[in-house]
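Below: the structure, in structure tokens.
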């Protein structure tokens, strides 16, 4: 089995932390304050959990200077314990343990160029004209279409699909069953033939550096120009990004969101789960949208936006939902009452 | 082609049913009352379809004692015809016809342990340290990551992906393109670097016995602790279960639902399609949620819950949707009218 | 790299267009008016972009007779420039460049029948009893289950899954990670055992001609009868079609929609993104549903339908969302005010 083992001193140096306590302590894992054992390091990121310091069995705790006195054991004092935990988590991730090498069952086009230190798993397929940068990991069953370019240190889990001519930056991460570069949903109505005439999607997808794409997420290729995911964008599972969208740098998109075609999203935005965004609109930088919101027009100003209604008992909901569909009429009745109640103003 | 053929007596014995009629009748399929032919068995589960008994060509019908006289042909009398139909359906499922054996193109790590009677399809990949129980079926192209454990009689359709260290119980069923154990969506804001620092997801996924996971459904691995799907949970297609959720035993989740991180769902709950559930809340046992509801806080009491509004003509909707965004103001105007109309109380 | 090169005359003949200008002009791509270079053809489909004709560098433009005088360069005059663009896009689609032949790593059951001119990619799997028509393309890692039938000219991208006994027409297109024929979500409550008894799904899926199925879309097999997708239906990514639905010819379904079981949708309908449709209802022909609408009962008349509320600031939304759950009470208060204000009518 996988064993990671570090001294507290090594961890302190990596995190640029002040070490108070046993520098030689051996740490083999990270855990929450409640679950931690004596060879685990833990952290206090949220004041609400201060009381858990009293009973934790953690060998060491990462915390802020202002809370350092609350714990008598070995500790690492840092400015931002949550960020330190995030940075340290990398050292304990078994998924990163991949030996370089190309599995004999992988099918790699003779025209593809493969960098140094690359790992390509069983049954992976690399198309013609593909360029794979150094230290890239391609999981089992993953298919990289003709003419794709993949920057160094990017990782594809198993069963990912990239269509042809997708450009991917450095240090990205693609989860299983995600699909990049499938055809955008473009069809012209054909009155004579009846039905729809397919608009072949001739654009590509360009993905920046440090992008994460969740499992079963789909990013479609552009109709004529490219669909663009800028640097540092993080996208959860089951998200749909339609053709010709541009998602600005460092924007975070939670699971089940959908973005219709040609919408431009700014930088540093956050979308909670299952938000739907209509096509052909612009969303400013620093816009935050709460879960299940319907965004049906451009949002030119930063801030927090919402729509929808929240769960109540079905019995209560039924009555109110009926009234919703009478709301305009109700408002007109209220206006009439207001008018009637001021006869002397007439 | 696949042929299943049973006598009515064999079926009656399996269902523990009272047989009235031709015990030797050969049954080769199940069908609805309208579509059934003379070698099919059918069933009456819903009184609304009693009239279909008059014209059915079914060779035999499964029904309740109270309705037995409504059909003059061969019949099986049971307490719960719908459950009997469900139990019998298994006998006619061609998908269960899989010969044991390991396809020569499957890639199985020499360290994996494979039980008796296992079937592993073409291009499947089994990682190191994996344990596969007896009679498991692994479909073509399915990837089982390092260190996974799979209980006996579990079935994976084609192109399923399990990441590393996922624990699966007995008698489960995983549909195509589902992904179990992808990274939960965890990132810490990094003010200095700008953007996000990935929190590597060090927990696993634990799935109980008799669980069904639909096509393209994603169950993410936990951040530190595990994501847990308890025994008997049934999950439809395109559902997202985020990291560290716990889904209680026998809960049913219809398609397109999403559960954000660390939410705990009780036992015997039902979620209709496209429900969204926010993170870090608790939902009691026996909670039922109607389709497209937004659950944004804990539900401590059993019962039925809903939100949202239902389709009307776009013309009518537009007027009411505008009024929704003036609703607080409208309520204040009504209060003013009430106050004004009671001058004598002042 | 892929090069497509045509004279303007060849294009005019294909589009049945009136050619004005340089018939021998060599065209190597299609682009929008702004991005087009001198060897591109462009088009004017929307009057709002007429001004872009002034500055375009396009070698030629496709436009309507009424707008022909607005552009002095080479041009093709047609009745419907958008449809002409759609038809022409096919000539520049690199994805269509697939050489016939069966990759040596593909696993094809000896009982399968494969037509002429078929292309089967690496690691694809074709089950027993499958029939594959002429000129079909099967992408890498795609799995076609036992007993499926696929009509001529149909194309499967990489990592598609068809379960057993799925029938597909001619000229269809399936995108990656889509799953056709997974089990419908059918379970009977089992009071004695507790929990659910699986209803094995014995029906199939029948897909007509010219159907497009998006990436990560799931179409489940029927319980007893088939799930049916009629000719010319176009379905975007991440859509769920439950068991026993019937989707009428030429209906268009945008991303993230979900249709619950046994619902029948008419012809020529359009569903914008993330619409949810309840089960066991009927939707007429020519029904149009706007994004994120909840359709909870049958729609017997053609027209446009909507529900939901649109994004506003979270601050404003909170106040109004609270009022929504008091709406019935508010309406009752308004009625009381109306009654009180008409004492003389009593």
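Going in written order, the chains are labelled A, B and C, and every chain counts its residues from 1.
In the analysis below, a contact is a pair of C-beta atoms (placed from the backbone, for glycine too) under 8 Å apart; a residue touches a chain by one contact, two chains touch by 3 or more.
Bear in mind that the values here come from a model prediction, so they are computed numbers and not experimental data.
Where chain A touches chain B, under half of the residue numbers in use are shared by the two copies, so each contributes mostly different positions.
Matching the C-alpha atoms of chain A with those of chain C calls for a turn of 120 degrees, to the nearest 5.
With each centre defined as the average position of its C-alpha atoms, the distance from chain A to chain B rounds to 25 Å.
Among the residues of chain B, those in touch with two or more other chains are 105, 123, 141, 159, 177, 216, 238, 256, 274, 308-310, 312, 317, 324, 326-327, 330, 334, 337, 341. By the touch rule above, chain B contacts chain A in their complex via residues 105, 107, 123, 125, 129, 141, 143, 145-147, 159, 161, 163-165, 177-179, 182-183, 185-191, 194-202, 216, 218, 220, 224-225, 238, 240, 242, 256, 258, 260, 274, 276, 278, 288-290, 293-297, 299, 303-310, 312, 316-317, 319-320, 322-324, 326-327, 330, 333-334, 337, 340-341.
In the complex of the two chains, the chain B residues touching chain C come out as 1, 29-32, 35, 80, 82-83, 85-87, 89-90, 92-96, 103, 105, 121-123, 139-141, 157-159, 173, 175-177, 210, 212, 214-216, 231-232, 234, 236-238, 249-250, 252, 254-256, 272-274, 291-292, 308-315, 317-318, 321, 324-328, 330-331, 334, 337-338, 341.
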